[in-house]
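Each remark here refers to the structure printed beneath this line.
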Amino acid sequence: MSGPAFTPDEMMTVAASRALKNDDVCFVGIGAPSAACNVARLTHAPDITLIYESGTIGTAPDVLPLSIGDGELCDTAVTTVGVPEMFRYWLQGGRVTIGFLGAAQLDRFGNINTTVIGDYAHPRTRLPGGGGAPEIAGSSGEIFITMKQSLRGMVERIDFFTSFGHGEGGDHRQRLGIETKGPTLLITDLAIWRPDPQTKEFTVVSLHPGVTKDEVQATCGWTVKFADHIEETPPPTDLELTTLRDLKARTKAAHEGRPDPGKAA
Amino acid sequence: MAKFQPLADAVRDNLNDGDVVAFEGFTHLIPHAAAHEAIRQGRKGLTVIRMTPDLIYDQLIGMGMVKKMIFSYAGNPGVGLLRRMRDAVENGWPQPLELEEHSHAAMANAYEAGAAGLPCAVFRGYRGAELAQVNHNVRSVTCPFTGEVLAAVPAVRPDVAFIHAQKADRKGNVLIEGILGVQKEAVLAAKRSVVTVEEVVEDLDAHPNACLLPNWTVGSICQVPGGAHPSYAHGYYGRDNAYYIAWDKIAADRETFSSWMEENVLNAGPEVFADRVGKLRSAA
Amino acid sequence: MAKFQPLADAVRDNLNDGDVVAFEGFTHLIPHAAAHEAIRQGRKGLTVIRMTPDLIYDQLIGMGMVKKMIFSYAGNPGVGLLRRMRDAVENGWPQPLELEEHSHAAMANAYEAGAAGLPCAVFRGYRGAELAQVNHNVRSVTCPFTGEVLAAVPAVRPDVAFIHAQKADRKGNVLIEGILGVQKEAVLAAKRSVVTVEEVVEDLDAHPNACLLPNWTVGSICQVPGGAHPSYAHGYYGRDNAYYIAWDKIAADRETFSSWMEENVLNAGPEVFADRVGKLRSAA
Amino acid sequence: MSGPAFTPDEMMTVAASRALKNDDVCFVGIGAPSAACNVARLTHAPDITLIYESGTIGTAPDVLPLSIGDGELCDTAVTTVGVPEMFRYWLQGGRVTIGFLGAAQLDRFGNINTTVIGDYAHPRTRLPGGGGAPEIAGSSGEIFITMKQSLRGMVERIDFFTSFGHGEGGDHRQRLGIETKGPTLLITDLAIWRPDPQTKEFTVVSLHPGVTKDEVQATCGWTVKFADHIEETPPPTDLELTTLRDLKARTKAAHEGRPDPGKAA
């Protein structure tokens, strides 16, 4: 494929945005999920309710927030509640249909690690930790995950179970008394994956335009399962691509400014 | 009853070596000026609590003031990791750092329980999450009606809480609006509290249900315009995202960090904050 | 997503015989018009929940619609007892009434737990109080950190909640302000909800942290000006205290009550409420 | 005493108001406590914080509310919170110094009944119930009680323990793990009572002007204990009496209006 009209990253965001419906209530993780959720809102899902853990409900930012609590989120929200209420009434209350998460490490069953690389007590790399993810993973109706593929990120065994996906697979969630669906969708820069109905192992169901099975396997740390019938992900439409690029351009302009962190910087 | 005083006096009167302290703020209204004053006063052996420790906790840790941190997300939001905190955890520099790590839901509930005078918070959480195995303060209670097993964590009850708010009236009633975080809970849960504010006004002119700390719930109030920078104050100035991005480089290196702290914190005072937000005011 | 409809339709679509229903309002914003519509539709065998059952529950009980009441204070505030409720409890007229009685703290916590999706509420309460002995739904849990024994009650989870609010915007977002009671919790805890409002406006123009039910959390919205009378709507009209005082006499006698209900409820409609608050509007 | 310048009711309210301090945070029960608390605020305790269970904090009503949630309370409050927050953060949080309660039935140990007369399951009279009282009695720093004396009200044994005072007396509160002081003051229309330090039995420490011990005993259902040294309650000052009467007059005018409860009333 010569001269692609879009990058793998753009394909990932657009494919993720398509998974959201107009009547979804989406708890938005930061980074890639935030872009996807807002592209959905600006294209086919204008009435989608986006919730950020800062307490902003029904937000409609004109630029993507750098953090989960930028002023833009509050300014454009239907209402903003305190953080205890956010986690009690809105997430735990069962009002979120989709929890949208990123991951530092992911395994084939949708378990996520954003806590440490290495041993918990003596980590090689101390990552930020779970934040809202452990309860987003448990209380949202279902979980979508989006991340770029890499051998470091998609691993046979994650170093720490920050948030629980399907555990060891099969009915592991039910055995723990978790009634929500857990991960039902993984969107990477190369493919769309859905859990096998029985084993719950993520299975490639659609390859993005021009991507081969070998490329997917080469950037994934476990032996990839491919569906019998694999679709090709429709490429981004002009509207999707323009919307995403405009959003990113507005965001870049808003976040850059002149850094001024003191004299010695 | 709230006492108006200079920030240096309020920090001196309220923060002691070895205290359990929360400088709270959820992206919005982070009390940077108060933390910098604590750094200048060189308090030691602190246990610091915060849902989202970011730059100021990176600074407190890097300055060797912190023994233990209780938290749920330690990152520079949207930018990356906290490099001073990593250095303490991974290499013990400048001293080892004990961690008590929770989820956001647990911390938010723990603050709520602290404000509510309860010994613990009860919620549905941590299911299948490994933190429940490494943190001995994650336990459970069983619902006496349904038999459901719910998570329990101890209430957060700091010795002292520092927050930043938009304004106080002359009687000392404090108004917070916009993204509220857990600031009200932090003050109500704490034994002592210091609130820095953008301004002191005659009348708050607030909505009947505005988030408000009545004067008798607040210890000290200090007027520090810009005191949240590089965080922001809704209605006053915007978040200095460029500063957050730049911090990543400053914190990457021990010497760069130390000389930056020397120049911008140790040799500065609360009055520098007003200048720092000058150009961000239009963006608010 | 909130559906705008006439009150009669909303009650018909949402309230069934045998339902567990909360008409909530804490002195302020009591949904009288909605309760009168329920009376006209003659629902039977209801379990009614409310912290402060007052006139409308006296009316529902007197009309023989209620099997059981879950509550914490059943009086005509500042006036006296609820005479129709007394008649049901003491004499079984027009039918016996089962009571599940709590304290305010228990009920408020139970609504909070319902909104929070928990099976039970945990709080410090009922110590030495005899209700804990006569109500089998007062139990306990033990704090796994301190060993303190705390009270537990089941979460309130009504089939349907009715509330009255100041306004909704055209998208169906609902604003409540002033004395908030447990109305937000009642709607969030319930399977279905009906909100009567004073007016429908283009834009709520609300404070960023105003108490608000987003349109997707609300079932039906019905515009019923005056729909809280003789309770009040902050910013619209004042409480009709004289009406509360007068109710005491009406409810004192079965026949007076029945003929009053016939004339003022059964043979009336939601449109009468606007007139009733006319002269109270200046007092708001 | 011929031609008293004040009624026993007025003396009761004024005596109760004097017990409140300027820095108290008082959770106000309805009826007599509400008048006393507001007389205190309008005389010697202008900065007292009055809290009503409707969520109104720091309220300063110009007329007494008929209910605990009249609009006047919200209009004049420093802030108004939801009822769950009121009971969790403000009462249970230990921020209330004085809980001020009335009673239908009271015993010598400050235990209160406002639930039923007769058997709970088959009551002779069904009263309104406890409302906030069970937890006000447990979580407030101390409890003041005010009521008019009568044989029906002040009884040897209350029919139902709506809220716990000192139970059977002595250290009964501590034995139940209740750390607050419980009832420390009873103000009736005839006298001021304080609990005996050991037995916790209410003991008359002051008689209102012109009141005799016999009158106190004649309107009390238990054998009254009198302190060795009994004071005479100072009569209401002109300021106290004027303040109370003006408040009552404003309240009466505001509450009366023309009743209009429908056509058949």
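Lettered A, B, C and D in written order, each chain numbered from 1.
The working rule: contacts are C-beta pairs under 8 Å (C-beta built on N, C-alpha and C of every residue); 3 or more make two chains touch, one makes a residue touch a chain.
Protein names from UniProt, one per chain: A, D = CoA-transferase subunit beta; B, C = CoA transferase subunit A.
Treat the numbers as computed from the prediction; the structure is a model and nothing was measured.
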item	value
Graph distance between chain A (CoA-transferase subunit beta) and chain D (CoA-transferase subunit beta), where chains that touch are linked	2
Centre distance in Å when chain A (CoA-transferase subunit beta) and chain C (CoA transferase subunit A) are each reduced to the mean of their C-alpha atoms	41
Centre-of-Cα separation between chain D (CoA-transferase subunit beta) and chain C (CoA transferase subunit A), whole angstrom	27
Numbers and ranges of chain A (CoA-transferase subunit beta) residues touching at least 2 other chains	74, 80-81, 88, 92, 139
Per-residue overlap in chain B (CoA transferase subunit A), given as positions that touch at least 2 other chains	112, 116-118, 123-124, 148, 178, 180, 185, 208-211, 234
Full enumeration of touching chain pairs	A-B, A-C, B-C, B-D, C-D
Complex contacts: residues of chain D (CoA-transferase subunit beta) adjacent to chain C (CoA transferase subunit A)	30-31, 53-56, 65-71, 73-74, 80-84, 86-88, 91-92, 115, 120-121, 123-135, 137-139, 160-164, 167, 172-173, 176-178, 254-265
Chain B (CoA transferase subunit A) - residues contacting chain A (CoA-transferase subunit beta), complex	26-28, 51-52, 71-75, 77-79, 81-82, 85-86, 89-90, 101, 103-105, 108-109, 111-112, 123-131, 134, 148-149, 178-182, 184-185, 211, 230, 232, 234, 238-247, 249-250, 256, 259-260, 262-264, 276, 279, 284
For the chain B (CoA transferase subunit A) and chain C (CoA transferase subunit A) complex, residues of the former touching the latter	116-120, 122-124, 137, 139-146, 148, 150, 152, 154, 177-178, 180, 207-211, 234
Chain C (CoA transferase subunit A) partner contacts - residues on chain A (CoA-transferase subunit beta) that touch it in the complex	23, 25, 49, 57-58, 74-75, 77-81, 88-89, 92-95, 139
Contact set on chain B (CoA transferase subunit A) toward chain D (CoA-transferase subunit beta) in their complex	1, 112, 115-118, 173, 185, 188, 206, 208-210, 212, 214, 216-217
